[in-house]
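Presented below are the structures under discussion, each in the form of structure tokens.
In the two complexes below, chain A is the common chain; its partner is chain B in one and chain C in the other.
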Partner chain A sequence: MMTNINIEQANQKAIDEFMNARPILVGVEKAVDVIPGMHKNLYLHAGPPCSWERMSGPVKGGMIGAIIFEGRAKNAEEAESILSSGKIEFAPCNDYDASGPMAGIISPSMMVFVVEDKNSGYKTFSGMNEGRGKVLRMGAYSEEVIERMLWLNNVLAPTVDAALKAMNGLDIRTLLAKALHMGDDGHNRLDAASLLFTNLLAPHIIRTAKNSTDAADVVKFLGENALAVLNPVMAGCKTMANAAQNIEGSTIVTLMARNGTDWGIKVSGMGNQWFTAPAPVVKALYFPGFTEKDACLDIGDSVIMETVGIGGFAMATAPALVTFIGGTPRDAINTTLDMYEITYGEHKNFTIPFLDFRGTPTGIDIRKVIEKGITPRVNTGVAHKDPGIGQVGAGVVSAPMKLFEDALVAFAEKYDI
Partner chain B sequence: MSVIVSDIRKGAYYDSAFLMKLQRSLTELQGVEDAGVVMGTEENKEILKHIELVDKQVLDANPDDLVIVVRAATGNEAEEALGQVDELLVKRSTEMDKNYRPKSLDTASKMLPGASWTLVSVAGRFAANVARESLKLGKHVFLFSDNVSVEDEISLKKEAAEKGLLVMGPDCGTAMINGIGLGFANKIRKGPIGVIAAAGTGLQQVTTRIHQLGSGITHGIGTGGRDLKEAVGAMTFLMGLDALARDPETKVIVMVSKPPAPSVAEKVIKKARLINKPVVVNFIARKPTARQDGNLWFATGMDDAAALAVELAKNPPEVKPAVDLKLERFAEGQKYFRGLFSGGTLAYEAQFLLEEYVGRVWANAPINKENKLKDSLKSEEHSIVDLGEDEFTVGRLHPMMDNEMRIRRLLEEGKDPEVAVIMLDVVIGYGSHPDPASELAPAIAKAKAEAEKAGRFLEVVVVATGTDLDPQNLDNQIDQLRKVGAWVSSSNEEVVRYAGRILMGLDKKVDSEFTFTPVNLETLKNELQALNIGLDSFAENLEDQEIQVVQVDFKPPAGGNEKMASILERMKKN
Partner chain C sequence: MMTNINIEQANQKAIDEFMNARPILVGVEKAVDVIPGMHKNLYLHAGPPCSWERMSGPVKGGMIGAIIFEGRAKNAEEAESILSSGKIEFAPCNDYDASGPMAGIISPSMMVFVVEDKNSGYKTFSGMNEGRGKVLRMGAYSEEVIERMLWLNNVLAPTVDAALKAMNGLDIRTLLAKALHMGDDGHNRLDAASLLFTNLLAPHIIRTAKNSTDAADVVKFLGENALAVLNPVMAGCKTMANAAQNIEGSTIVTLMARNGTDWGIKVSGMGNQWFTAPAPVVKALYFPGFTEKDACLDIGDSVIMETVGIGGFAMATAPALVTFIGGTPRDAINTTLDMYEITYGEHKNFTIPFLDFRGTPTGIDIRKVIEKGITPRVNTGVAHKDPGIGQVGAGVVSAPMKLFEDALVAFAEKYDI
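Take a look at the complex of A and B:
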């Protein structure tokens, strides 16, 4: 006999939770101080759980960089021997209420953005954004990368933290809603959101910074970084996704994440269980000098955006991104329209001017994914497959069908369907 | 005294132009004097203050808050207006984006909410589910696909009947609705003739002939070839017939079918008799029993059917309101016919004619051996007994000479509370009884009197066969019979049809057998809009006819993965 559940009601509740969450960026703190369960030998990474041996190049590179950053090794060799020694515990960011772009490394001393759900007080976390180019999140760990990480920790983090506290927090949902009307998709393109972010912070930075040099450096860094707000937005989306977790009987996806090895999802009605499949190749455009042969498989926690209804799902708001999907604004619109086929509802806060302010497709329903044979479409960056190199391109990718099939079978078993 | 009511929504950002639109919609609501819908910036609050559209919570709002404030004549009206905000916020135009091909009927239906039809031409094994989904969305289904099981057909048509929707098919090739062709169809002039057909090319043949003869059609409703088979029981046919009967534009109805199951054909004809319009019947392989009977005209072929329909539309006959059969004389539960014949041929013809009105007729000498009475001495339901058969005449005179056995049987049948009509034949002439009426008339009187005593009315009808030159004198015989209240005619057919009409009138079962929600005529008459799933060419044909159509990109559910598809099916039943 089937367990007595009402899937429709459960799903409606899940997307209501997505939409009603109020993520407020409240400050920047040290990971080990704020992330529950964090300790000095715990290193977080993107995607589903992964052993050192199976880690992709960028995650390995990021881990090496993090060990050096923590001062536990002087070079890559030393770092690798520590990492492979078994002393270090690895875990997904997502299992610690965090969300990390690309390799998504969070080590104990790193400063992390703290986002708080105004409704529940629940906190979520994400690291500092390093900008584009050779960066730790893409698996780079050269001296300049580590130096930037230290600057982020020592200068950017406290400066932004002071400004955020002075302004009494910053509303991520409102920021995103505006940015979607300014040509952002909220994932691959965050140009508008990053400018809004910098704009809102700037006066408070100037007022609260230790000195004018710091203030100028920080505002310049934020202003020049089109992804300045990526991490706070990810933590914000994580807040929304968290709010919809563990609703009995719901077939809504509450988490998607990948790490260059595997893609993993969680489903609201299936509690904490990960469903995983090998990460796919990204269909991408490459920076000069790189080709698909250099690309790491799909990686990063930033699919949390699509999980809550933006990013690839809001492609129709970001016509400037269409080059990544090989074409015309029409393709962008079709991408969004396709996603309505697999989502349960339409977002009441995130709307698409071109579609007459229709809400973005929100709440991936595994039933619809299977039935229609359409998997979530994601906009993403591409890292080099080897540690230490960094980003090589950007593009689009669709989640593997196996994830949803496994989840559906498990759901049917759990609820005796 | 006006009332101000406000609603503050924390952290909800909307574009200002969008909010101005919402604000305008609010001011149009009943009793609303003024409305403000703005983000809670200082400037906006200043403006609201200036036009006296603030309360305390409005003044306390932050720039990230959506402020909705309404001033209305009464508190109720203000609250009501606020209550509509959510609806207005999500109210978006449903303008169709023609360049997008939806992946599901559900989405297609949202893109074209005015569509009342779905054309389904996907592979047979997927067709039933697609059709079912379409019924759930409230659309009539033109089901072109074949290889749909009879079980599926029945369940689809039952569901459609509940919802007042037509399922035309499966394996329905043709339909013409309000001048628009679906599937294989011809361009037929609009006109006064409605056609319903369990025959695709039959529909095309008849309607094109109607066109060629200068007339035209209202609708051509296809039902699929199996609709008039026993299992399906003409569900779509009867619903379509009912729609054409109610449609004021339709003056004449033509019914066409491939060889139907006889019992189903009779059921449909019974229904057709109740229509207050001329109905032309052309069921292939079903021999007509008359050229005309009441409102029914029986055609010899499709060409004849078209010509008859055109003629009837041109020169509308007076469809006589049915003669008052005074059915109120009969008691509850009286519904059966009993024929007690002395003449074999008369008995055969009576069976043949009566079936048109009542369906199955049992007989000791049946036309069709399935209808053989188990026991010739015991009637069942509608029965016709030929007492001139050998089984009755062994050691006894033929009933044309000896009335005794018929009289006994007449009185016996008359006692059956379920019997409404008893028919006798009186055959005179050389060789026959010298004055049969002199014995039969008192028996008829007795049977009728006993029935009356029991609170019933027994109708006894008699066919009298003979001439005024016969020794018994026909008129004399008829007079004797009429004196005791018998209904008499010298035409066997006339007597049987009279009895048939009474029995049909008494048979409430016709209506209880298959009940359905009548099709909403507006859905046939409104400008046709359709969803098409399957063959692209059907959508293209509709576009050529300047019909709005959304083509659905069909993929088998779960990509044909049966394990997944079966889980999904089970979940749907949840």
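Take a look at the complex of A and C:
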């Protein structure tokens, strides 16, 4: 009985921490300079821990691209020989307070968005967003991919950093709250959030850029990239999730992440322990010329959005998203309604106009997942299974039940229930 | 029988013209240089024709501000004496291919947005948008109002004009179609459309502005103004409406407009004839400190949006709008569903995600209005009834039935039905 009461209190505290966190995007810095523990031979990736041998195609492709980007190899063969030599250390972004979309590669010289929690001062990180098409995060590493990464690092990053400093930071939670009233789910559809982001930055970019060519190029790139704000939003959601970590007795999920091989979750009351299961196939709409045969298994850290109550959980805000990921507007509403079944509370800052401004379902409770037999539903992009290709579609996927079963068994053991 | 068939064909042609019109925002020019028939003593206003004596407070206030803006008077007393002298000619914007929000004042020296129909080359016009608060279009004319008007004329207008020319025009229909999938109704809520507008312009503004201060100021003003694109959209909708004018035998409404004294409509098959009725009171949410006692009667040309199938007709796309105008998301959906009852067709370019991407109700048929006993529903701002004050609220209003009764009687007489 005593134990039960503590779980409820702990869970309420966990979702309060999600909701009270105040992520502010404060700048763009070099990963090795700003991520605690980062060093020249450490390469981060999405999802739970994974050896080179077990890595999915997109993560391998992203690693190859990163080694070339770092100037340590001229081509894929050279890169692979370094990557498989044992000289390079691989680790999850999430174990370094970072969050990376799809393959989620962060290498030491990459510039990363820095988000600071206004309450605690705690920092979280995410890389630059490359837009859609042939991109490193989908496992592509051709010359055009590396060239764009270099432009992002050398031009976009310092330009945006100067603007962010001039405007004294950008409030990610406020931006998301607005975007959810503008047809975004906050994960796969960030059209409105990216426009808001660009519009807030633009006057400061104009005033602080080295020259008007850089200013125009950066504003154009951000304005045309419907995912321009994806990475800052991921770092922002990581801030929220971090705030709810390590609450004794809480059954709330504080992390979900996949790497194209495994899914992993963490649970607040279970500290830093990963629970993992094989990554599932995504039910997707494929781009012309591709089918499910080409698809990598589920991949990416962007499921941090669903962890804190947006993305698939807020799909009722984003009926137009179905044109990209499949299904009908009714499915979108039903997805949100289902997620109320497995969450502990409703978000006080993120609301859904069409459900009479009801708060989004927030805080996945592993007890409810098991009890209801419903696992978290996620919107996601789909990468090609082979390195070097890129995105092939987008769709929806449900987390494997095994994650929650294992976590609940471990929880019961730890707390002697 | 023959007559009936012609009406159906004529009405189909009318809504096809609405939908096929392709308004492109091509530039910003001085009213007297670009509006055919404009001259130094002609002052345009919203709604149907109106003498100085019968003008509502906001139109009088806007006229006073315009005379001061033109440098023909130093204060309100001097302005009123000129305005009541008989030297100034007053006319509806709509009789000069223009469309003005609220009081809708266009004076000869004001810069106006120029929209060109890609199909016909026909041009339509609308003034600069001043943002929310104390503004000329709500009847305010204090020094800060005139100063902002001068900045809009001297800095914003040429800066945006240069950008529009560099980008070869901006497609209003495409912008609206996107915004309707981002929680805008296209009339009272233009948050997404204004962000899209600013984002499309910004890189070109940066490249073509006289200096980076102007560029930053203009991008900031547009980016912070949730109605930045209201006037270009009104001119765009006027283009669509004009395309459907004067179709022999059509019972489709091609114009609705109010001036705070009267409502007026025109009907395609009835040429240039105005049908008018007293303007109704708006059912509104009032700003703090104001009540219905302070409200001007219904006013403005922005009901051109509803005329072509957006605004109140597309409210099901904009559930978050109810926080501004009152009611519930369910009311918003019901408004759209009601409007299908009195319209001839469904828009092929403007669709509503939540109604399974159904086209918006398009083309008000005066026969259906009478038959169903339902008149067009409109989202609107509310101005103070006295000159010199400004906006006091926002809400919804239904057009007076008399307009449609008179129009149908006249139609039956003309066509001998």
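A few comments on the model shown:
Basically, the second predicted complex is superposed on the first by the 407 of 417 C-alpha atoms of A that agree within 3 Å, B and C clash if a C-alpha of one lies under 4 Å from a C-alpha of the other, contacts with A are read in each partner's own complex, and residues count from 1 in each chain.
Here is the rule we go by: contacts are C-beta pairs under 8 Å (C-beta built on N, C-alpha and C of every residue); 3 or more make two chains touch, one makes a residue touch a chain.
Since the structure is predicted, the reported quantities are computational estimates derived from the model, not experimental observations.
Look at A:H181: by the touch rule set out above, it reaches both chain B and chain C. When both complexes are overlaid on chain A, the residue A:K283 reaches neither chain B nor chain C. When the two structures are aligned on the shared chain, A:I206 is found in touch with chain C, with no touch to chain B.
Look at A:K118: by the touch rule set out above, it reaches chain B but stays clear of chain C.
With both structures placed on the common chain, the touch criterion links A:L196 to chain C but leaves chain B unconnected. Of the two partner chains, both chain B and chain C are touched by A:P353. By the touch criterion defined above, A:V219 lies against chain C but remains apart from chain B after alignment on the C-alpha atoms of chain A. Contacts of A:P319 after superposition on the shared chain: chain C is touched, whereas chain B is not. In the superposition on chain A, contact of A:K165 is made with neither chain B nor chain C. Common to the chain B-facing and chain C-facing surfaces of chain A are residues 181, 330, 353, 355-357. Against chain A, in their complex, chain B makes its touches with residues 10-15, 18, 64, 89-90, 92-93, 95, 97, 99-100, 102-104, 107, 555, 557-559, 561, 563-565, 567-568, 570-571, 574. Interface residues of chain A, counted against chain B in their complex, comprise 2, 5-7, 22, 118, 171, 173-174, 177-178, 181, 251, 330, 333-334, 337-338, 340-341, 346, 348-349, 351, 353, 355-359, 367, 370-374, 401, 405, 408-409, 412, 417.
Against chain A, in their complex, chain C makes its touches with residues 181-184, 191-192, 195-196, 198-200, 202-204, 206-207, 212, 215-217, 219-220, 223, 319-320, 322, 328-330, 353-354, 356-357.
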